[in-house]
Structures are given as C-alpha cells and as structure tokens.
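Each chain carries a letter (A, B, C and D) given by its place in the written order, and its residues are counted from 1.
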Amino acid sequence: MTGATDFHEPFDINDDTLREECGVFGILGHEDASALTALGLHALQHRGQEAAGIVTFDNEQFRAERHLGLVGDHFSDAETIGRLTGRAAIGHVRYSTTGETILRNVQPLFAELEGGGIAICHNGNFTNALTLRQQLIRDGAICQSTSDSEVVLQLVARSREQKIVDRFVEAITQMEGAYALVALTSKKLIGARDPLGIRPLVLGDLNGAPILASETCALDIIGAKFIRDVENGEVIVCTSTGIQSFFPFGKCPARPDIFEYVYFSRPDSIVGGRSVYDVRRDMGRELARESHVDADVIVPVPDSGVPAAIGYSQESGIPFELGIIRNHYVGRTFIEPTQQIRALGVKMKHSANRSQIEGKRVVLVDDSLVRGTTSVKIVQMIRDAGAKEVHFRLASPPIKHSDYYGIDTPVREKLLAAKYGLEEMCNYIGADSLAFLSVDGIYRAAGYDGRDNENPQFTDHCFTGDYPTPLTDLSEDQDFVSAPRLVEVG
Amino acid sequence: MTGATDFHEPFDINDDTLREECGVFGILGHEDASALTALGLHALQHRGQEAAGIVTFDNEQFRAERHLGLVGDHFSDAETIGRLTGRAAIGHVRYSTTGETILRNVQPLFAELEGGGIAICHNGNFTNALTLRQQLIRDGAICQSTSDSEVVLQLVARSREQKIVDRFVEAITQMEGAYALVALTSKKLIGARDPLGIRPLVLGDLNGAPILASETCALDIIGAKFIRDVENGEVIVCTSTGIQSFFPFGKCPARPDIFEYVYFSRPDSIVGGRSVYDVRRDMGRELARESHVDADVIVPVPDSGVPAAIGYSQESGIPFELGIIRNHYVGRTFIEPTQQIRALGVKMKHSANRSQIEGKRVVLVDDSLVRGTTSVKIVQMIRDAGAKEVHFRLASPPIKHSDYYGIDTPVREKLLAAKYGLEEMCNYIGADSLAFLSVDGIYRAAGYDGRDNENPQFTDHCFTGDYPTPLTDLSEDQDFVSAPRLVEVG
Amino acid sequence: MTGATDFHEPFDINDDTLREECGVFGILGHEDASALTALGLHALQHRGQEAAGIVTFDNEQFRAERHLGLVGDHFSDAETIGRLTGRAAIGHVRYSTTGETILRNVQPLFAELEGGGIAICHNGNFTNALTLRQQLIRDGAICQSTSDSEVVLQLVARSREQKIVDRFVEAITQMEGAYALVALTSKKLIGARDPLGIRPLVLGDLNGAPILASETCALDIIGAKFIRDVENGEVIVCTSTGIQSFFPFGKCPARPDIFEYVYFSRPDSIVGGRSVYDVRRDMGRELARESHVDADVIVPVPDSGVPAAIGYSQESGIPFELGIIRNHYVGRTFIEPTQQIRALGVKMKHSANRSQIEGKRVVLVDDSLVRGTTSVKIVQMIRDAGAKEVHFRLASPPIKHSDYYGIDTPVREKLLAAKYGLEEMCNYIGADSLAFLSVDGIYRAAGYDGRDNENPQFTDHCFTGDYPTPLTDLSEDQDFVSAPRLVEVG
Amino acid sequence: MTGATDFHEPFDINDDTLREECGVFGILGHEDASALTALGLHALQHRGQEAAGIVTFDNEQFRAERHLGLVGDHFSDAETIGRLTGRAAIGHVRYSTTGETILRNVQPLFAELEGGGIAICHNGNFTNALTLRQQLIRDGAICQSTSDSEVVLQLVARSREQKIVDRFVEAITQMEGAYALVALTSKKLIGARDPLGIRPLVLGDLNGAPILASETCALDIIGAKFIRDVENGEVIVCTSTGIQSFFPFGKCPARPDIFEYVYFSRPDSIVGGRSVYDVRRDMGRELARESHVDADVIVPVPDSGVPAAIGYSQESGIPFELGIIRNHYVGRTFIEPTQQIRALGVKMKHSANRSQIEGKRVVLVDDSLVRGTTSVKIVQMIRDAGAKEVHFRLASPPIKHSDYYGIDTPVREKLLAAKYGLEEMCNYIGADSLAFLSVDGIYRAAGYDGRDNENPQFTDHCFTGDYPTPLTDLSEDQDFVSAPRLVEVG
C-alpha cells in the first residue's frame, strides 16, 4: 500500500466528520512576520494541501487571508504579503476529509471580543466537539463554520474570565482529544498542546522572535533555531517581554502519536528528539530483521517507502534500486480524468523501471497499508514488468483501527487489516509474500526495547485499538441528527 | 447631477458604516424556487450590484450560494440552479457602501438553531445595530460578518422563546430603523416591514406559491400576480397551509420613503399603489410648472432623467430630444482606467449629440443632485457642443441631509445642497439657471395636495431633516472605537 | 422587430461565412497612441463586441494585444496600455457571425515583410475572398486565419512591388466588395475605402496627429477634430510629413450603405455629412406621415426604436412614453440560461410599463424587422399588459435580401419580409396593424426627394436586391468544399 | 550542481533564439486517439512544461487544442478529449527558451494545403532555420509564428511536388540540424529523424495502431508495445494499410545525443537499446572508480542525482542516504516570490536532513554542472548542517560548449566549465574536492570501451566541442537584424 497515495489524496470516507490533518505556525515580534509564516506553512504543506490561511496583527487591526489551495499559489507574491502587515502572525494549512472544503472553514478562525480579538488555528481533533457544539447552539451561539475548532473559539468568547489567557485555558480544559493550538491576540502569541501531547508542537526562535510550529522543518526553512518541544499539557504564552508556561492539567506522562514517525512528519524534522528519517529508516532495518526474504533487489514504493527501503537494503545487503519511477508532474494534474485515463490508473503517477524488475525477485517496501487498493495495482505493475517474485513489506504494523485525533483514516470497514488476516491480505494484494513490522519492532525503531503495555510510550491505537482519551462524540447516547445544516453549494 | 451615476457607482464616502441598499426576494412551495428567485433578483438588480446570494431548503438541508457580482453572472446557469434544490428559497442583492465587500457579508445570513435553522436577508438599515452588536459581543457572541443584519440573527439565536416566529418577533422588536426582512426556516417563509414601512415589500402569488419581494417588477418578470403591499409594521408568515399576519407594533400610520419614487425603484414598479414612472414623469410636469424657462429643447440626463424630461416636455411643449447619448458598453468597463482615460471622464459614458445641441437653448433634466461632480462635467460637455444656454432642472428638492435607512448617501459635508445656496450651486455647476422641484411639488407629483407637516405622508429627511426614528448609533454617548477588528484583506 | 436584439446578439445563421461587422481606428504621431486607440475603439464598440485588438509601432517593434471580449475589459488598464508602446497605433473591434470566434482571427492581422512589417484591420466584406484564398493556397501560402481580411495581407506579402503603398494598392485592386481598411507600417498609417464607399471611414486630427476611424463618435470621445470623410475609392497615406491621397480606381459616384443610418452607426455620429440621429428621427416623422394611425401613446422598442419614436410622436402629436422598460444589467448576463429562464424569454431584457399600456391604443416603433422572432414576444408582452390595440411601425423598408458587405444578416429564408407579405407578417407578429417606411421615404429622411433608380444614391440591396458589386464567391462555378480545415476546438 | 534546476526552469539566456526542448507523440487508427496522445504527452512532460498541443483528424476536419501549461491541467478532462474527435492524433510538449512563450508558437503547427492539410510537431533545432525563414519572407510567405519549426511547414506548402510525402521529404532535405518530426495528414502519420539521429524517436504499437513517440515511457503509460527505434535519417509513413520506410539521405552511422542519458530522458525509458536508469547509475559507478574519496555517506542531489548516487554507493560501499529532502510542493509555487522569500533561495525546494549530515564526510552526487549557481547554495546548505567535509561529484564531464540541437543551454560565457579550471570551479562551489566523470568514462557507462575519436558514437559537443552538423545560422555572413518583428505583448 502506498501511504502517500492513500493519505494525501481525497478519497471517499464516511461523511460528516469534522476531523482534519493540519499544520500550524506562529511568530511574534518580527517585521517579516507574514512572509516568514508563509514560508513556515510552505514547509508544513505536507500536513495539509487543501487550504491555507494567515492572520496578522498590525497594532490596529487583524488582517486575514484565507485561500483554498497551496501556500505557494496564494501566499508567495509580494502583494499578498504586503497586505498582511504587522509584526505578529499565525497561519494554518489544512486537509479536510469531508466535502466541506469551503472558505468559511479555513483557519485561522477569528472572534472579536469586547476588549480585543483572538485568532486561533488548530491541528488535531476534539473528540467531544459535536457534543459541545450542540450545547452552544442550544445556548444561542451561531456557529459559522462546521469545523470542530470553532468550539474552542466559542468557549473563549463566552468565558466570563477577564484575562484572555484565563479565557483560553477555561476553554481548552473543556475540550477532549488531540490538539496543537496556536492563537494570536493583540498582545500575545499562545500555544497549547493536549495533555498527552498527541499532536506535535515545537518552540523556535529567530533573532529573538519566538516561533511556534508543528514541525522543526518549518524552523529550518527560515533559518530559525529550534529551542524545545512544547510539552504535553503545556500552555505557552509569548509576549514582547518574554515567554511563560502554564500546566493547567498538571504534569503527566506524554503519549505522542507514533504515526508522526510512520508517515506524517517530514523526514528532516526532529520529533520528540528523534530524527524522523532515522526512525523511518530503522523501521526498514527492523523489518529486514523480522521478515527476511531472499531477493535480488529492494524497491521502494515512492516516495513514502524510500527511507525504510534504504534501511531494509542496508540491513539485508540486497541492492536498493529505483524500480518504480514517479512522474513528477502529477501534483494537481488529471483532476477530472476521462474514464479512459482513469482505467490506466496507477500509471499516471508511477511506472515500472523494467530494467530493474525483469526476471528478478523483488522486495517492495512501503510505509503502511491502509485500504490496499493502490498496493494491488503496484504489485500488478511490478508483475507486468516481469518480476519473478514480488514480496511486499510494510514498515509499520497492520492498521486495524480508525483515528479520531486528526489523522484522516477511512472507516474501520475499509481498513484492509481490520477485515482480513495476513494470508487473505497477501492474496488480495497479489504478492508472493507479505509482512508487517511488529508493534514491538516499531517501538524499537523509535529507540525503546519495545512497547510498555502498562504505560505505552506512544499513542498507537491505529495498531492496538488503545485509545488514550474518551471518545465522547462517538458514545451511543449522542444523537447528532438534529437540525438541518447549511451547505454552501457554490 | 446624475443620480444614476452618483448613486449606482462606488464613491468615497466616510468608511465604517454598515448601511446598504438592497433587494430581497422569497418564495415558498414552488419546484423552481431557486430559478424564480434568481430571476426575481435579476429584476431587482438595480437595488444592489455588488453581490447576490440565494438560500434554499430542500427538506433536508439549507443550501447556499453567495457571490460577489451580478445575478446574471453567477445564478443564470443550469448547474448553479441545479445545486440549489428545494421548493423554498430566499435571495438578496446587495450594494455595500464600505470597503467590506467581502463574501462573509453577502446575504442571506444563516444560523443553525437547536430545532432547525434560519436564513435571513435584509433591505434597509438598523440605526441601533452597532449599539446592540457591542452588547452581544460583551455577552459572548461571535459576529462573523460586519453587516448590521447579523444582529437580528444573533438576537433570534439567543431568544429563549420556543417558536421560531416568536423568536423572530422578539428580535425585531429590539431593532430600530428601516427594514424589509425576508426569512426562511425549514417550514416557513417570513416577511417583515418596519413600523413606518420605510423600505418597500410586496406580496405576490405564482400558482399558489406565496412570494415576497422588494418591488413588483420582481413579480412581473416571473409572471406572478401582485397581491398587496406588506403593511408597515406587519410580520407575515407563509406556510404550506396559508398566510398569517401579525402586527407586533400595533397599527400606526405609514411613512414610506419618498426616495423610492425619486430614484430608487424601477419605473415599471408599483410602489404604494402608484406607478413609479407616473410619479417620476409628473415630477417633471410639476417642475415645468414651477420653474419654466424659454428654451428650444428638453434633454434628459440619461437614463435617470428621462421620465421627468418627458413630463417636462409634455407640460412645457418644448421638444424632447436625446441630446446626450449613453455608451451602452460601460457596464463594467474601464474599471482600472489609465490617467489618460480618467481625464476624459464623462465621455466614457456619455457623449453630446451635437446636432441637437448646437446653437440651442437647452433644458437639462435630471432626477436629483447629490455631490454635483458629474453635473459639472455634463454641463461643460453640453457647452462644448455649442449650446447657447444651459438650464439645469432637478425633478426633486435639494438633498441636504444624509440617509441612515439603507440608501447610500455621502456624509453631509459632501452634499452640494448642504453646503451651498441655489446661486452658488448654479455657479458651481456652470449652468445659466438652476432649479429644483419644491417639497410640496414632489408630494403633488405623488398624488397629495402637498406635505402634511403635522403627519408627513412620506419619510423625506434627505430633503427636510425630519428623521422619523431614533438614530441611536449616532448619539454622542456611543463609543464604537472599541476592539481591533478583523479585515479580510484578500 | 428589435434590430438591437436581432443584430447585436449571436443567432444561428448559416455557417461558413467569413463576413463580419467591425470598427477600425488608427492614429499616427501621438505619444498616447495606444490609449487613444483604446478609447476610439470603446466609442466604436457597438460595431463589434466579440473581440478587439491593437497593434502599435514603437520604432523598433510592432506590439500586439488581441482579446476576445470588450475593449473596456481588456484595454482599459494602465498595464496593458503601457505594454503597447509607440506613437502609432491601429485597432479593431470585431463581431463575427460564425463559430470561429477565435484569437487567431482577431485583427489587426500582421505580416513580417522583407523590409519591414504591416498590420491591417478591416471593416466590410470581400466578395471574392474565398476565390482568391483558394488560389493563394494553391500557390503555397499558409493561411493562419479563416478571416477574409487575411487575403489582403497575403496579396501584399506576395506583391513584387518595391514600395509598401504600391504593394497595398496592388492588393486592394484585386479585391471586390466593401471595405474600410486601416493599415500600419513602420512609417505610414494607410486608409482605404472601397470604390463605392459602402463602408464608412473618416479622417480626423488631434493636435496634428492624423486619425482614421469608422465613425465620428470615435473622434468626439478623444476630443479630436473631424476633418472630412475619406472618399469612396480613396487611398490615404499619412506620414510624419503629411497626408497624400490616391485614387487607384479613378473617381466614381459614391453609394454608401443606407443601413448605417437605419441601425448601425451611433446616433451621435455624422455619416456622409448627416447626423445619424436626425436621419433616424426623421424616418419616424416620414413613417408617421405615411402610415398614421389613431392611438393614445407612442412606445419605442428600446433602445433602437427611440429616435424614430420621438419623430413619430412629434409628427403625429401623440404622446411619447416609455412603455417598455429595459433591464440595464443584461449586457453579458444569462449567458447560459436554464430552460426555465429561457422560457421567460424577452422579460430578461424588457418589461412592460403597465401604467402606460393598460387600456390604451399603442403604437410600437422599432427601426427594422429581421426575423421577427423578438417582435412576436414584444407584441405579446404589450397585449399581456392590457393594451387595447397594438400597432407596429417600422422606420425602414422590409428587409428582403441578405447582406454580403459586412453586415450580419440571416440567410434569406429566415428574413421575415422575404417569406411573407405584409398581412402575413402582421398576423405572424400578432399586431393590429403593421407598416413599414417606404424606400422613397427612407431616402427622403436622408435628405433626397426619393430614390434615383438610375443612379441610386445609396447601397440598399437589403431592401431592393440591387447589389452594387459582383458577388464572385457566390457564383455557381465556385466550389469551396475543398480541403479539410483546422478547427480550433479549445 | 543540479541539472534538474538549471535545465528545467526558466533562466535568462541570450534572447532571440528559436531553439527548444520538446517531446512528440502520434498515433493512427485508434478510437481513443486524443486520450492516448494526452497520456503519452503526460509521460513526456519532463521534455517540456511550458505548453502542449494536440491535433486530431476525424475524417472531416482537423481539430486543434493548444494551451500554455501542463498536459494534465489542460488535456485531462473528458470535455477537452471529447472535442478532439478522430482516430488519428499528434501532440507536442514544449519548453521554449525565449520570451516568446505565446500561443501562436505552440505546436502542432498546421497548414491548409490544396488537397488537404498537414499538422507538424518537432523536437530538436534547425541550425539553418533563420536563413531559410529570411528567404521565405523575401518570397512572400507570411510566418505566423517565430518558431523554427514553421519553416518546415512553409517549405511543405511551397513544394511543387504532388504527393504529400514527397513534399515533406523535399522540405526536410533543405533543413540542417537535429530533429524528430511527427506529422499528420488526412491519411498518414509521418515520422522523421535527422540523418545523425541526434534527437530520439521510437515506433510502438497498440493493438495494431502505430505510435511514434520521443521515448518509450510514452508507450509504457498506455500499455503499448515498443517495436523499434526510428533510425537516423529515416522517414516512416504510417497509413491504414501499413508502414513504409524511406531513407532520403541514404544510410549513415548514427550519432545520438549522449545528453539523453545524462539528464534528459526519463530513467525508465529505453534509449538506443539501453536503459537510461542503468546508464545513469553506471555513470555513478564509473565516477566512483575514477574519483574515489574516503567518506561516511553518499548523498544525491535530488532528484536528478539519485541514480548516479546509488551507483556510486554500490561501487564505493559507502552508505547511500537521503541527506537532502526535496519539498514536493514546489512544482508551480512561488512563481512571484517576494524578495524575502527569494533570499532564502534553495530552501524553498530542498532542505538538509541534518541527522545524515552532521559531523560526517559527505559525497554529494549530481548529474551535471551547468552554471553552478545552485551548486554553491547546495554545498553551503550541507556545510550549514554540520558536514565535516563536502566532496562534490558530477556523473558527467564538464559542459564547456553550448547546444544548438534543441537542448536549452546558456550562452557559453555562463557555463562554469567554459570559464574555469577544475580548481577554480571547486573554489567557486565551495567544496572540499570536486570531480567530473571523464569523457571515456561516460562512454563506458553507455557500453563502449571509450570514445572512438575517429567516429564518435555519440553527439557530445557540449563536452567536446565537436558539433556534428553545420551551424549555418551562426555563420558570420548572416545578418538577421532585418525587419521589425511583431511582439505579442498580452
């Protein structure tokens, strides 16, 4: 399966979810605040490609631009950056899983408060957002978006606290789930990470200007210094006079999402003190140890499988070759393909490099397996190119459970590993053999001896079903089939 | 002066107002609800050219389309109409006077309520909207638009009443100013007109489907029957089983805005039982009686001065000729003219028809005089074409006071008649003589013997300074320089 | 019938014609050459709305911009004008009658010659263009456009003459039909009018810079002086040192197209020494004399019928009123109407002004009758508004013959007057009476005692069938079903 | 240096050249001709990203679509493909090196001939095109494009031969330089390769339909079978009844361009019987043998350096790691960057993967070095990431001479290796050591023992200065500063 394909492109999952994958960025006290935010978001583009937004504050007004599409397409010209005046800015890239990819859902969201205003952006998913939203509407709130993130904003607006930080803390203590939040007021840049630290958030510095970002690669692109991870459960408040930390939930052990290593973060980012590339390559090494097979060539499924394939090759000694060539011009192409083009399927993006395949025993390495529909085509393509054997290796355990913390996964029934056993999966995909990395193997690649089942070091429910927070909106008592909604059809 | 020019095109007035000119339309129980609404809005396009929106209800969901631009450009294709499914629809055309011509201000506005949803659109202006808005924000409301119309929606959402009509009535009884409102819920089409009936609203019928619209021309275009004016202070509730009327303010004498006759309504509409064309032509007749001048030709300033010029010619016996030719292709052209093009000014739109002007004594007839900047150019153009004399005649009294009820007027200091006396104005414009219709003259053209100063039959503050409602937001106690706002810059 | 409607909007005529209506403009020796050309074309926009183009020469290169759409939409911004550097410019507005409204057909056309280059634009139609084109292709020419105008360019390129004016004259002496040509070389601005002067062309002057334009209104908009008409059969060559005239065909009597007065030219233009507005209004006066009817009101079909209706009212003494109101926002709206919207037809553009119609005997006045399809709807609309009687009056004779000189007319079978007699037409349209202006009547309105049948003063074949030039391409010997052509489909 | 960057993106070279890099495709006798052509062009997209065009023949007309931009953006929707009816099609992707990226230069070009029509597209460059063009204009031809390819079309049109193939052959025998041509007439699909076979062209088959394409990857994407290379100097004519070959230049030894292996062709293509990937990886192996250095890690410059880096790692035993991460969202982003963004330069596209660099001796491998500007930045980025040593290795010889056969190279003065010796280049780039593959080394990688200096097996002038054809347009006798040209400015 190609994580890249299945995760990064729209597919039909069950509608009416609010969850999303996202990247956040914020900076305070720099004259190029909006340009630097645009660059930071560009580096975080892999976390969300459907929309992007930036809000700045220029000591008089908040200024917003929100666009569907890529950062580079909408925030790279001098005119746009010139409109976003001010020395403070926050921004967001978004990948929505629902049909509601509309402008009013694009973050940052903003609320005018009595004494000022606040803009908020959010990576993650609140697992009690629908429940709270229903209560807010009952109390007379008007929700303009269908984003779960708006609930935080409504709670901030309704708080009776005087100080904005107190209002913000009052709001997030009502929220369940996973979040990395970045907020901007007329004086403060605020960051917050959920009590378990499921979604990542780092603190950086550029010539004295504090920066908050989802990943370190957003610091690297602008030449900023990495200071530290924002801790799990930490609220961090940056002002012109310094940085303060609060732990409204007390201190508790972190459980960051292991999926950031498997697929989500960029390979050059440092997440939780570990190089993502190193972990990913070491997954390949562990995989080679766990499920060796005699073969002639190690072929990565591009591009997501490359680091693990390199590790697999290094551990096994079998040569690494580019047996599949990726067409670089697919980005936004063939959006509305004809049936003829559709039928040719995977070839729009990948083609077999026959000289490396023909007559050979091939080990295909990918990062993860979701629905398996692409894997079927990849295996077939390799066979068509004349492979003698095709062995499929996945550098992560079987995904058997949906995510509710901001990673876009299909409903459980569509997860191949939730439906089938190993042999059935192998048959379905058409490989000669199939193997996954074990749960302990992935923990080893991340630097542990294995999973501590008493106090797991990571959030890993997709593999284990062990959800670390309540899933209130999913409880059977809830009934959200309430009122007719507004659909922006055009 | 050319009302057409000064009113229908953006000019710099003082910022930060919320007022707007608009047209509204609604229909319940017709399978072509959205197409008919698009047509109705097209007929009302003269009431607002900057944006248009339609919301339908299809028994499951509300469906919305909102666009900057003309109805014909965004709501005339089969695909758009096809997306707006449902047998009930309301729509809005808008002309904003501020820089905030942004999508989130385009109506209808929508609120999801506990038991349903409500979409609202509004023609007019609330004179206490800023005051109420400040209170709402203090109470934790998040205002997504900067439109005064959103205040009604917030009040409906916060009402503790159970029934939607009661919530709606509770909301409007808190509002001051002028309004014709049309609202749509999952079961009802609701209309409301302010206690004085300042802004117009009519009830029509198409094969049993009730229709609400700003003017009768919106009924004519779809072949619907005109039933009656919605009365001043009336709340009218249409459901599938019939129509009910409420008078939450009790019954009181009406004072519709006389400016609908002067300039605003379409000539083929029937407003308050009178043909707008007849009243407008009769203004020309009254004007000819009041301020006769010996001349060779009556020339209208196109197109707004045509009916009055016809009346003036009929009464005076002086021939009516098209002495000014209008370029029909100006609509949306020369948006960003070069300085060279700008300098040629009025000629982009109008040109003198020299054969009717040269060597003649010309009476120029226009509907009204606002700032006078265009009139200066028109008079000069007529002189350049060789006129022997130029007499300027205005078919309405001098405009000395700003409007706060939904008609877009400049601040008082920019109104020519607020600054200057008759002779000064005549000099400024460069005419040989200048005359306005008297206040009593305009009442006579509208069918009365004159203005009843005890109980004026019309809202006529632009001429008289007699504002018929409180202007709360303008009171000196108010201070709206509160919090920083969000500006959507892109 | 509404000339405006039938002429100015696309309708299905027989395909594969090359003819077009157009406007041309040229100026030499002015620093604002391109801006002035844009303004001149804007004033000529009524002659062609589908495309516009400008070519300048800046002493180094020719510079071209060509766009589908209106002048004001594509040539009004400072950036575009700034790109069109140079002190000499020519431009063109075009209305094509075929499906081939593609960029490569948009004029001016250009040819690089050995010693320089030449740009040409053309109003009119060559009646032997297809014949010549076939010969050129046989000789190895590659025709990039499907425009008949390219033939002139090919002939200029192939001429063995040394001097550019000689090459130009050699080319036009091979052409038959109607033309007003404007050409630009690196040193010269050249104009030419066909031997009969069928299509108009005038010479103007702006501070010493010579100007060529289709109509005087293009001089008025830029404040230029009208010098004289270019004569029939005249080639006029403007250089920095003066203006020269040539008459390669010798001197012969002119026969300008009478249709410029009926419908085509702008009312404020002076064509052949006569005010178009005066002639058009006098057609109404003649019509009133020829076919009086007792009635209560004279109603013009807007806007093309207005001048004649004014004349009719003046002559008959019956009041002129705006009984039909035109919706000003139709310009480019409802391009792709739904079937529902289409069915409502004429109401998109016009509505009856009931107060002027109901219970009255109405004389409807229009300029001309082509296919009659719109007239049927107009009459029905007036009846629906309650008219007691509807009398239809046309201010020109019946159109019984197609045009081949650059005016877009349907094939003969679709011309109502070619199919039916007067009574049948009256029945078809649904009027109580129908009358046309006589052929002599239209000559009287144009200042003659009547038509001189020996030497007709005008080209009037649409009324009389008297075509003044050979129609070579139409001769039965010709067979143009030759080679497959290229169709630019996207 | 990153060949990818320097070759695939616009940079300022000397203007007024006509040369271009391109890809061509043609198919005859398949019902999905246009869809298959679109797919083939998509696979050839790396050969030209600025424009694409397709012409089909549907037994009645030729149908054309030409667009600036990517194939996937303009030819992937059902509507476009539906307009391109017919069972025969040719297409082109284009990368122009001049400012003239305008629609009229986009191929296929078309000429209507007496008995039919012909569409042509071209990959390569004619070295006598300007000379011939000047002669054609002198003879009365009108050149609509500024493309050198139009000269062929003009020669075909002017040929006095009767048969289209004879006309085509007569035309190409007048041309010098490099070309792979594909042409379509109403009956024939024609291909031609220059006498030396400098540019590639292959013959394929899909269920009996012959296909011509620049590379085999265009066959693979549609599942077509590779038949053979079109030979050097071969004219191949496909009709419904079969395929015929002509050798109008006689048989002579081939000298294909070695640069197709170095950089230009896609790695999965088979060019001249060799896998491009194999040759490219073996260049890395040869390079490792020729210029070994002790190091800790082999890092490719993505993506062009990857195959050579794999080969280098395999031969040297030093581990291959992704030390530079490429941002996948750069495709068309940051087109108009602000100065701030520009200053951050290379980081928009690449970032150092610090965990693989810090404290290590790094061998950077790229395919070729052109101007060196990007290499400077890459080396600096690697140093900034903490590399102990940086050794730069190029898998091809120094480029010392410009190309005139269709590959876009800067003028000689801008080629780093034309200006500097090895040590100077190393200093300029800032590396600890620098080495290029030798000329014999690259021939070894391509399967020979070395270069046969008597009869070189490849066209390799960029490395050796040995141009295999006359360069007529460059001769000092020529003077092309002739006539003013037309510049399409908008």
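Just so it is clear, contacts are C-beta pairs under 8 Å (C-beta built on N, C-alpha and C of every residue); 3 or more make two chains touch, one makes a residue touch a chain.
Quick caveat: nothing in here was measured; it's all calculated off a predicted structure.
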item	value
Maximum centroid distance from chain C, chain identifier (CA atoms)	A
Chain centre separation in whole Å, for chain B relative to chain A (CA means)	49
Interchain centroid distance [CA atoms averaged], chain A/chain C, Å	62
Separation of mean Cα positions, chain D and chain A [Å, integer]	38
Touching pairs - complete list by chain label	A-B, A-D, B-C, C-D
Partner chain B, residues of chain C touching it in the complex	32, 35-36, 38-39, 42-43, 45-46, 49, 70-73, 76-78, 81, 217, 220-223, 266-268, 270, 275, 277-278, 281, 303, 306-307, 310, 314, 319-322, 325, 327-341, 344, 347-348, 351-356
Contacting residues of chain B [partner chain A, same complex]	55, 57, 60-67, 74, 80, 83-84, 103-104, 110-117, 119, 134, 137-138, 140-144, 153-154, 157-159, 186, 482-490
